[in-house]
Each structure stands twice: as C-alpha cells, then as structure tokens.
Amino acid sequence: MQVSIACTEHNLKSRNGEDRLISKQNTTTPNVVNAARAKFRTVAIIARSLGTFTPQHHISLKESTAKQTGMKYRNLGKSGLRVSCLGLGTWVTFGGQISDEVAEQLMTIAYESGVNLFDTAEVYAAGKAEVILGNILKKKGWRRSSLVITTKLYWGGKAETERGLSRKHIIEGLKASLQRLQLEYVDVVFANRPDNNTPMEEIVRAMTHVINQGMAMYWGTSRWSAMEIMEAYSVARQFNMIPPVCEQAEYHLFQREKVEVQLPELYHKIGVGAMTWSPLACGIISGKYGNGVPESSRAALKCYQWLKEKIISEEGRKQQVKLKDLSPIAVRLGCTLPQLAVAWCLRNEGVSSVLLGSSNPEQLIENLGAIQASPSKNDIPYCK
Amino acid sequence: MQVSIACTEHNLKSRNGEDRLISKQNTTTPNVVNAARAKFRTVAIIARSLGTFTPQHHISLKESTAKQTGMKYRNLGKSGLRVSCLGLGTWVTFGGQISDEVAEQLMTIAYESGVNLFDTAEVYAAGKAEVILGNILKKKGWRRSSLVITTKLYWGGKAETERGLSRKHIIEGLKASLQRLQLEYVDVVFANRPDNNTPMEEIVRAMTHVINQGMAMYWGTSRWSAMEIMEAYSVARQFNMIPPVCEQAEYHLFQREKVEVQLPELYHKIGVGAMTWSPLACGIISGKYGNGVPESSRAALKCYQWLKEKIISEEGRKQQVKLKDLSPIAVRLGCTLPQLAVAWCLRNEGVSSVLLGSSNPEQLIENLGAIQASPSKNDIPYCK
Amino acid sequence: MQVSIACTEHNLKSRNGEDRLISKQNTTTPNVVNAARAKFRTVAIIARSLGTFTPQHHISLKESTAKQTGMKYRNLGKSGLRVSCLGLGTWVTFGGQISDEVAEQLMTIAYESGVNLFDTAEVYAAGKAEVILGNILKKKGWRRSSLVITTKLYWGGKAETERGLSRKHIIEGLKASLQRLQLEYVDVVFANRPDNNTPMEEIVRAMTHVINQGMAMYWGTSRWSAMEIMEAYSVARQFNMIPPVCEQAEYHLFQREKVEVQLPELYHKIGVGAMTWSPLACGIISGKYGNGVPESSRAALKCYQWLKEKIISEEGRKQQVKLKDLSPIAVRLGCTLPQLAVAWCLRNEGVSSVLLGSSNPEQLIENLGAIQASPSKNDIPYCK
Amino acid sequence: MQVSIACTEHNLKSRNGEDRLISKQNTTTPNVVNAARAKFRTVAIIARSLGTFTPQHHISLKESTAKQTGMKYRNLGKSGLRVSCLGLGTWVTFGGQISDEVAEQLMTIAYESGVNLFDTAEVYAAGKAEVILGNILKKKGWRRSSLVITTKLYWGGKAETERGLSRKHIIEGLKASLQRLQLEYVDVVFANRPDNNTPMEEIVRAMTHVINQGMAMYWGTSRWSAMEIMEAYSVARQFNMIPPVCEQAEYHLFQREKVEVQLPELYHKIGVGAMTWSPLACGIISGKYGNGVPESSRAALKCYQWLKEKIISEEGRKQQVKLKDLSPIAVRLGCTLPQLAVAWCLRNEGVSSVLLGSSNPEQLIENLGAIQASPSKNDIPYCK
C-alpha cells in the first residue's frame, strides 16, 4: 500500500531523528492554515509513518490474541500484568444518567469482546461509577483473577484532607474506593494529577504501602509529566520502594506530543507504559461534528459547553478538515473512522491499552471493532 | 502602618542575620529592667518585624482558605497532610471537671469553625481526654477522612514498662490510645519528650512499625531538641525508615527561641514542621492577670500553684507590663489581645498549626476569631 | 567393590576437573552407537564414580536418619528446612482417575515411611491434585509443622492474567492454591518455568511479598536455567528481598547435565538446592519397557503417546540396553533397578530430595525401599 | 569495709587489663588444690573487686527502684525494655509435679515483689510450663503491658522440621508457644542454642519477620557464643533487619568466663545485654550440699543423677570449700548465702536480669530477698 503525497517541509522536518508531525504546538498555532495545506499535512503523516514502519519486536513478541474474541493482550508497560489492548473507561460510560441495565449491557459487551481492563476513579460521578462497576462485577461473578480493575485517586472528597496525594488521602481514598467497588484490591491504583504540595517520597511510600497491604497490585500515574514520573521512579529506587508501571495519558490524532515523544523514553528506560484515553478526542474524531454540533450530541449538552466551543473554534474546524482526509483511508482499510482512530493509537510502542468510553452500546461495539478491523497491523497508519 | 519607636541596641542587635529580640535568655535575665525600657523593647520588636516583612512564598502558595468558615489550612511541615492552622488541644479543654455536654459543645464549635485538627495524649486526664474525644467523634459521625486526630505517647501507665519510648510501650501505648479513642488509627502519633534510655533506632523503628501496621499515618516528636529530631531523621535515613514530620513545641510571645531559631532550620532541611501549643502562655497573654491573680482564674486553683507563682514573680510582672503595650496594637488591628497573640504565632514560617485549649466556649470562640481578625496578614506583627 | 571396565576416551575425558560422562548432549547425539559401546559407557560411569568417591562432609554432617522408618532428612539447599530425601510428587500420583481411597493409601504409605515432603502444583489435574492432597491432610490430621507442603505456580487459569509470573498471578494463584489445599501457607512455593515477559524484579518482589504475608515459608524455581536462578538471586540481593532456596529439576540416569554440572555451582555459591523429579525417567528405568511397551503400562495410554515414541526411538532402545547392564549391579546391591535408580539420584551433593510419583501402592513401596536398600552409601554408584 | 587477704599471683594476674580471677579453665583444672589455697582465692576475688570498684554510671543512671517493693529495674541490654533485675524462670519452677495452686502462688509472690519478667520455653515440661504460665496470667488479669514475657525456641517437637532455627520452625514454633501461652505476643523470643545447619540470614530474617508480624517485641539468643551473636548482629546490619538485644547465659560464682569476659564487649559494642540463669549453680550455692547430698534435695532425684555426680566430684567438693569461706561475708552483709550469690550476679554491668527458679515458695521469697538484703551496692562483692 502506498499513499501519494506532497508534504510541507515545515511539518516533516526531522528533529533529533524523531518526527513530530502534528505536535501540540502546531495544532494550536494561531496562523490561519488553509484546507489544502491541512490535507497535505494529515496524509503526509500517514504516508511517512508507513514508509518508516519497521517490525517492533518487543510488542509483537509479547502480544497475544484470544482465539474466541480476537482481542489482543499486552503487558502493562514492562510489568507482568496482561491487559487487553482495549479497556473500558467509566467516566463517560457511567458518568451520565445511565440505567443499571445499560451499564450492565456495556460491561457485558466489553467483557465478552475480550476486554479484561475496567478503569474508574473515585471522582467519576462522585463515586457512583465505582458503585455501579462494583455492583455489576458482583452480579456477573466473573473470576476476579481474570479481571484488571483500576482506579484513580486525587479529588475524592470535600474536606481539605480528602484531596491530593498525602499518605492520609492515598490510604483513606483507596479504602473508600475499594468499599464502593466491593473489592479487596484493585490491580492498579493511579495517582491522578501530580501534587506539588506533597513530597514525592511520601507519595511513593504510600503507594508502596497500599501495595504491601494488599490493597493494590501495582500503581501508576495519571496526567503526570515525564519528569515527575522519572522523579517517582528515582525516589522508589533511592528508598527501595515500588516504582510506578504506567501513566494514563490523553492520546489521539490531535494530542500526540506526550505519548509519542516523552513516554517512549520512559518506557525504554524504566518500563513505564501508557494507558491512553480519549482516542476519539471526546468524540471529535467520530466525524459527527463535521457539520457543526448536532443537537443530540454530547457537545450540545450544557455541561459540555467547553467541548462545543472547542469544536466550533478555528482550531476545531481545521481538525474537521483533517478528518475528512482520513475517511477514504478508513474506507480502504474496511473500517470506520473511529475504528481507524482507535487502531491508530494501538500502533504506538509503549501504549499498553486504549481506554474506550461510551454510554451507547452501538458505539462501544463499533469501537471494539477496531481490533477486528485491522487484519494486518502494517495496514494501520502509524507515525514514528 | 508605621510604629514610631526607640530601641535598645542590646535587644535589636543582629546575630548571624537572624534577629532574636525576645529570646528566652532575655526574658529570664535576673537584672531588673524598668517599665519604660520594657515598653520600648516590645514595640521595637513589632516595628522591626513589620519593617523587614517580606512575602513568604512557601506558605502563601500552600495555604488555602475555606469559603464558609474562613479557616486556613497548611501542610503539616512539608508532609502532604493538610491541617487547619488552628487546632484544638485537649489538655486544658478536657482536663478539668468537664461535662459531656460542654465537651461536645467545644468540639462542635471548633469543627464548625473549620478546625480539623484535634490533639490529645495518653496522659491527659489519665486517658479520660481520649475517651471523651472518642465518644464525641463517634456521636458526631464526622467523616474520619476529614479529621486529623493526633495523640502523644510517653507516660501512659504506672508500670515500669508502660513509660518511655521502648518498642513495647510505643506499640502497646498506641494500641491502648486507639482503644480509648475507638479509632483504627491516629493521623499523627507523637513521641512526647525524648527518652535517653531507649536507642534512637528502636524509637524510629517502632514508629515506622506502627505506621506500617496502619495504626498511624505519620509520626512526630514533642518537646524534643532540634539535635534529637535531627538524630531521629538521620537514623530513619540510615535504615530506610520513616522520618518524623512534626515537632510539638511551646510557642508564645515569651517563649520564642526554639520555634524561631532552631525549628526553621529543621523545616528547611528535613521538612519537620511545628505544631505549637500554649499561644496565650497558660492564659498569661489573655490579660486577665494584669492586676494579679483573680480568684476565678485557673492560676488560682491549687494544682496551678506553679502558674500563680510564675505570674506574681518579677519576671511575671514584667510580662504584664509588656502586654499592656501590646493592647493598643490589638485595638488598632480590631482584635483582642488573645487574638493578636494567636495570630502572631501563625506568622511564623514553619508553624503548621497552633493548638488552642480552653474549657470555656466563649474563650474558644474568641481565640478561633484570630483567623477572621486579621484581614491582611501584613498587619499582624511578626518577628524575623 | 570393584567393577572391571573399559571406557572410551571420549566419554571419560575430564573437563575443567569435572567429569560429565553422560551429558545431555551425548544422549541426544544423532550418531548411531552400538550396544557394546553403550554398555562400556554405562558401567564406566559407575566404576569411575566408585573410584573417586570421597566422603562428603557437608551432607553427612547434615543428614540425619529417623530411627523408626530409616528415612533420611536433608536441608533443602542450604536453607534450614529439613526435608525427607524422598518426597511424594502428585502429578502422576493424583493425576489419573484415582479413587479417594487409593490416594489416601498412597499418602499414608509415604508418611509412615518417613516422607514429610509432598509436592503439588496448581495445574496438576487442573487443581484437583491440590484438592485431594488438602482433603487427605485434613482427614489425617498430621501436625502441620511436621509436614513440608510445596506447590508450583504458572499455568493455573484460562484467562490471560491467570498465567505467568506477574505479581497478580503469583498472589492470586497462590491464594487459590491455598484455598484448594485448605492450608494457611505452603512451605515452598515454586515459580514453574521462567516468564520472560515479567521483569525478574517483579517476580522476586512478589515471592518476597507472599512470604512476608505468611502465605509461604520459602520460594523456589522450577525448570529455570542456572543463569535465570542466578539473576533471581542477584535481584534479591540488590533490593534486599528473599532469594530462592531450591530448583526443581528433572534428574535421572539419562538426564544429568543440569543437576550435575550447573546446579552444584549454584548450591555452593548461593545455597540453592535441587529437588529432583522423574528419577525413573517416566518409568523407563523401571525396566518394564525392556521388550517394548506393554499394554498395561502408562506409555500405552493415548495421552502418553509422546512417551511411547520416546521409548521406541533409537535413543530409547539404547537406553534399554544400558539398563540391562545396570541390572546385575542392582542384584549385587540387593535392590531392584528402580531402587538403584532412586538411590543413585540421592548420591549427588546438592540434591535435597527426590520426588517419587506413582499411583500404584506397590510401586511406591518399592521406590521408597531405595532408602533401606543401601545400608552403606559407598555401595551406591555415584558420578562426580 | 576492707577484707584482709593474701592472694596467689597466678589467680590475680592481670590479662590485658581485665582480671579474670575464676575463669572456667581454672575451675576445671585437674590439679588438686588444697582448701587453704581455695579460701585465699575466693576471698581474694571479693577483696580485689571491692578495691577496684568504681561507680558504674551507665547502670546507676538507668536503674530505678519501685517504692512499694524495692525491686530494681534495668534496661534489657541497651534496648528500651525495662525488666525487673530479678526474673522468674519456669524450668525448675514449673518443671516438676507442681500443683496449679503452688504454681499460682509462686507467680503471685514474684509479681507482688515487683518481678515483671517471666521466662519460659517451648520445651519446659514439654510445653506444659507455657500452659501453666498462660493460665495463671489469664486468671490473674495483670495488665499485659506491665509484664515482660519471654520464651525460647529450639527443640519443640518430635518431627525433623520441628527443631532448629529454620524459618519454618521459628514461625510455627512461636505460634504454638503463643497458643499455649494464650498470648498475642511475647516480649522477647529467644533462639535457644545456635543452629549451624541454618544460615544466619534465615534466622535473623525469621526473627525480624515474627517481630514485624507482631508476634514478638524483641528477639534474643540463648547459649550462643559471642562470635555467633556478633554474626547475627552483622547479618542484621547487612540486610537492614532487627538485631538481637539479649543473650541468656548461665552465670554464677563457678561459671563466669562468658558473662564477665565475652559479653561485656558485646554489650558495649552492640548493646546486647545478659539475662542470666542458675545463679545458685543448680542449688549448689544454697549450701545444702555442704555435707553431701541430702535425700530430700533435688540432686537426690533420679533424673538429677548428673547433678549428684557433679556435687560429689572432686571439683564439687572444692566448690563446697569455697562456699564455706563465703558464708561469713554473707553474715556480715546481713543476708543468706543464696541472697549473696544472687546479689553478686547483679553487680555485673550488662547483666540486665537474673532469672530465679524454684518450686518452693520459701526459697523463692528468700532469693527475691537479695534485692532488700543489700542496702548499699558497694557492699556486695563484685569482680571486675
């Protein structure tokens, strides 16, 4: 497969041997860029990535595929924990006014598609997401050892002591999460957002403590900078404590800098993998905002005003243009645009799992289809 | 605001760049100092402090204010634990013949004013203070995670093994405290007074043990010298154990040496903060002893004979003279003398919280008012 | 006792002072070797070993003999754990269609013969072996402290997360084993087969964790290379964790390389001992396959097709020839061929225990007889 | 007080600045020494010790006296644990055919005399001593925190795995002891006799484990050589584990070498103290064997044949001669010979406690009287 392209020199220049074609900086450039140029740029990324694609031994050696479902499994970072490369997030999924039946339906669809990773947080729906997840797990009776349940700590409570990453909040917060989840332990507990008011030693010591106490198997970070993760690793080594195994990060066509430039170095040096979220950029890559914001869409909701503004901004309109250029590629690959976007995330070495989030069973099924949609990995556009 | 003053050279001389205007040594000097001189001295302190005031980034960055109560919160030392900058001590508060109703009233006043820190000790009222505190906490049902409960170990029992800081007493003493408190853990357990008969390694190992066992979140010291705290820190580092986060120390206008000269170095170097007590110098700064010891006052009680003697000593009379000079400043700031004294303690970088103690609801409310009394920090006299 | 022999130079040459007479390489050499030559070789081993036999202080000092049963006990590696030098494996023993009565009979025979070591694994009979073992232990009521119960982790479950040596699987897998065994802890938990997808640090940390949690007393490896064991030891030393004490390895007349060449160095340097299995080479050394595969034998079963193929291969026929040469030696020593084979394994320094496996009470009794069959150690052929 | 003496040069010569007047070697010298010479020797020891007596700050600073009972308390080694300087051993005490009433009486006498230290072992009376001790403690309801309960591990069971100092036996043995004692933890668990078959790392790791698990507060050794204790300390330091605090050793007038020459160095360097037993040399120093072995005495019992033989040996007769020389000193000090012997043990720096053992209430009361018998420490003969 070859894509014929013309590319602007500016976007394709090599920096230190690494191509960062659509960097965050670029996407936020205030200059007006015309549609033709954007087209070139987007397709150029894809073409170039295909041109430079080389077999990635590490992942191909480790990745396995379930016979019945076709789901693929990878190690979470370089840890021994095996996660399905698609996971179910519960922020969007259980965040709205969802009935117990639909919630169970979504979980079941995911589980039966081979998803073993379910991610939540103490703050999702003010703790309700954990309660829903726990109830469904209990009802379904899936073997605990076949599941990877993860949660995140940071902004659980109203009191001054119920926030941040103090030892007190890490321990109390996780205990409260486990109660809501009706679980003895989670598989990974994430420290959501760094807390500059708490010494790194205290954070790592508390994370090591909850692991030693059997309340978690591993710990990870969420929305931390590479430098902060490196500091956590360094402190863990200094005091013989347990280092983090994973960073949760936003990753999609329009947000690539961190996962593609910063995290790979962490992955190679200290084994920290990426669990990424928002593969469709809050639904932008679904294509449904191509002609503005439909009334039935999420962005039309009052509490998603920020999303609507983002979509109708100049930046947002440029993104829509790019998406239109991608559609024919998806067609050629025999998949939908969202499936292409999800599969695209998985091409990145170091991305252990991509979290999907949807309160709509049809959408979830479509997104999960990203696995089947790409019979050969080499056909999925990838940038490196 | 400017205060015109004349100052004695002796008191204002700079030592190593740090001004220690009213040092403990000075207050206990046997020489007779006339009233006029004392007046100059006191006001000089205040003026100089105002003159040299510079923004303290560390604290201002970390300090937050609750909207409803106006209470301010700081980190306990450099740990991640957030404490209200006013706490409720239970030595005086629950020490006398207090009814359950009044005790509950005092706790409620404090809690509703935004106080999250309640400090007790295994010896206060021979353990009864812990029982009262535990009963009220249980009755009120405040969320455990919103509270910071601290206790102190040292002289809990009658037997030879029930004192000091042996591993045996630290573990058994804390277990007994937790039973009286009806709690699973305290937030900070303090080692009250150093114990030269027990090796520092044993003390730090036992403190680390109770933290690892989930009986406490942090540990601190009480009435330890800076050198002893440094030794504890050093031993913790040597054996990869958990260092202390806080020293409880007496701190008020007439007792400043330790908190102002010794502890700041510890705060900057090893993150140990100060939780101070007796901001009114056992009531001396309340002003009620200006004309001797009234019959209804604490100092008139038999068991407070030592306090009465202190007040009516030459030293005590000099203190009263100084207090009279402070009163107009309090008036100008729109607060009472006790409020000024409490607010004055909080100006010290490294003071995480000031423990108030009163068995009188009105007094407690007045003291808690120190927070509201100072709309601008810069208006509170501070010595550095 | 002297055995007159002629030996081929090729087989008896000394390498770095260590004789490796029948190395794995040799036994798998594709060249055709005639029967006479094989005869010489086999007897040469025995003779040479007798010739160079020197008292082995380490073992003789540590080995003790029970008065009533004659069973001998050794330390497991250089650990303090005392194991009977014959143990009962449960793969073959409980692997087939065994009735509860026979299972109990086999356990009782072993226990009353002085066997204190019972080995199982989460996968034997899909967990059923552990259930049977647990039920019998419960019924018999033998003192837990008199028993050494070991199990192995690796391929316990169907899900992706239920295999390998991730922290998750080590902890969950061992918990599940303990439940099936109805035990609070096993004495040794083995990591069966190395897992290259999990970092060694994670494996050793998890093994140390289950020991610290009281779920196991020691940990060992199974089917690991000497280099992998050395890495585990090195990682344990690096992070002050607990090193393994034992490797489970196949060891019999036709599989000697690992136990005789690689493991002794580990034993001397890091104290890792050997617990060996298959002393009769899956029954080959029993002599029953001397004239092909009888219909009633294990190798005649469908699921043991691989064994049958091995026996009737050229390699297999050569082995049968060698066995015929050993028979007269067994006769002279007053024991059977299987007893000679078992006793032969025990002559190796560093072999702490030889696991027997049989679902046939008579066979088990015969094999256990290896202890009594050799009144003097010096009479047992041994190669070093 | 002055004692006029003549001394043999041989016995009083100074070696490396330390006098070892009655060394074990000397007492076991086969040469016949006449009575007069023995007399000189014994008195010489006492005189010299009085002559060179210098205030021992370490002990005097730490030793405290209970007002009601006069009992003295010392730190166990340099640990923070406070033990009565007289403890009750339970080997002799509960070893014979003792009724529950007498056992309780003995315990009560000791406790009411200020004894807080009760020592037992898993083997005393085959575990029965622990059961008796546990039952009495339960019945009496003395506060656990006021007591120091110690036990010893080594030869608890019949099976091969129930002996020695393997991790398995240390954990299982201590658990079994705690069950018999009906206690959650002991204060000190002793490793009785070294176990050369178990690596020191395993022993120290297991002792650290039981302390971290809350089954013991401290650990010690019993009948170990100074070199073995030093190795334990060294291994503890190497792996950041908990070092031992105490060695249990035989110590009396005729067995001095270890406690006086070897242990003081350990005490000064690594803080290991001595808990000594047999202060009356199995009753020999009681004086009752002055005219042979009376029929009612312990040495007349069948199972104490070894003691009888010791007493009537030439060595034993020489000891009796020495004792006769000591009697007038006891008279002058206003105490009995046994009281002098017990008080004599306590003069040694580093002896934290002397264990008394008697199944006879009168004897126990007499021995406990050693505390009151010596109003001034300086009057007790002491050798250094």
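Note that the chains take the letters A, B, C and D in the order they are written out, and that residue 1 is the start of every chain.
In this section, a residue touches a chain if its C-beta (ideal position, glycine included) is under 8 Å from a C-beta of that chain, and two chains touch if they have at least 3 such contacts.
Bear in mind the structure is a predicted one, so any value in this text is a computation, not a measurement.
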Copies chain C and chain D touch via same or different residues, half shared test: different
Rotation, 0 to 180 degrees and nearest 5, that superposes chain A on copy chain B via CA atoms: 90
Per Cα centroids, the chain farthest from chain D: A
Distance from the mean Cα position of chain D to that of chain B, given in whole angstrom: 47
Shared interface positions of chain D, touching two or more other chains: 212, 240
Arrangement of touching chains [line / ring / star / complete / other]: ring
Complete list of chain pairs which touch one another: A-B, A-C, B-D, C-D
Interfacial residue positions of chain D with respect to chain C in the complex: 157-169, 171-173, 176, 195, 197-199, 202-203, 205, 209, 212-213, 239-240
Chain B-touching residues of chain D, taken from the complex the two chains share: 62, 64, 66, 73, 75, 78-82, 84, 116, 143-148, 187, 212, 214, 217-218, 240, 242, 271
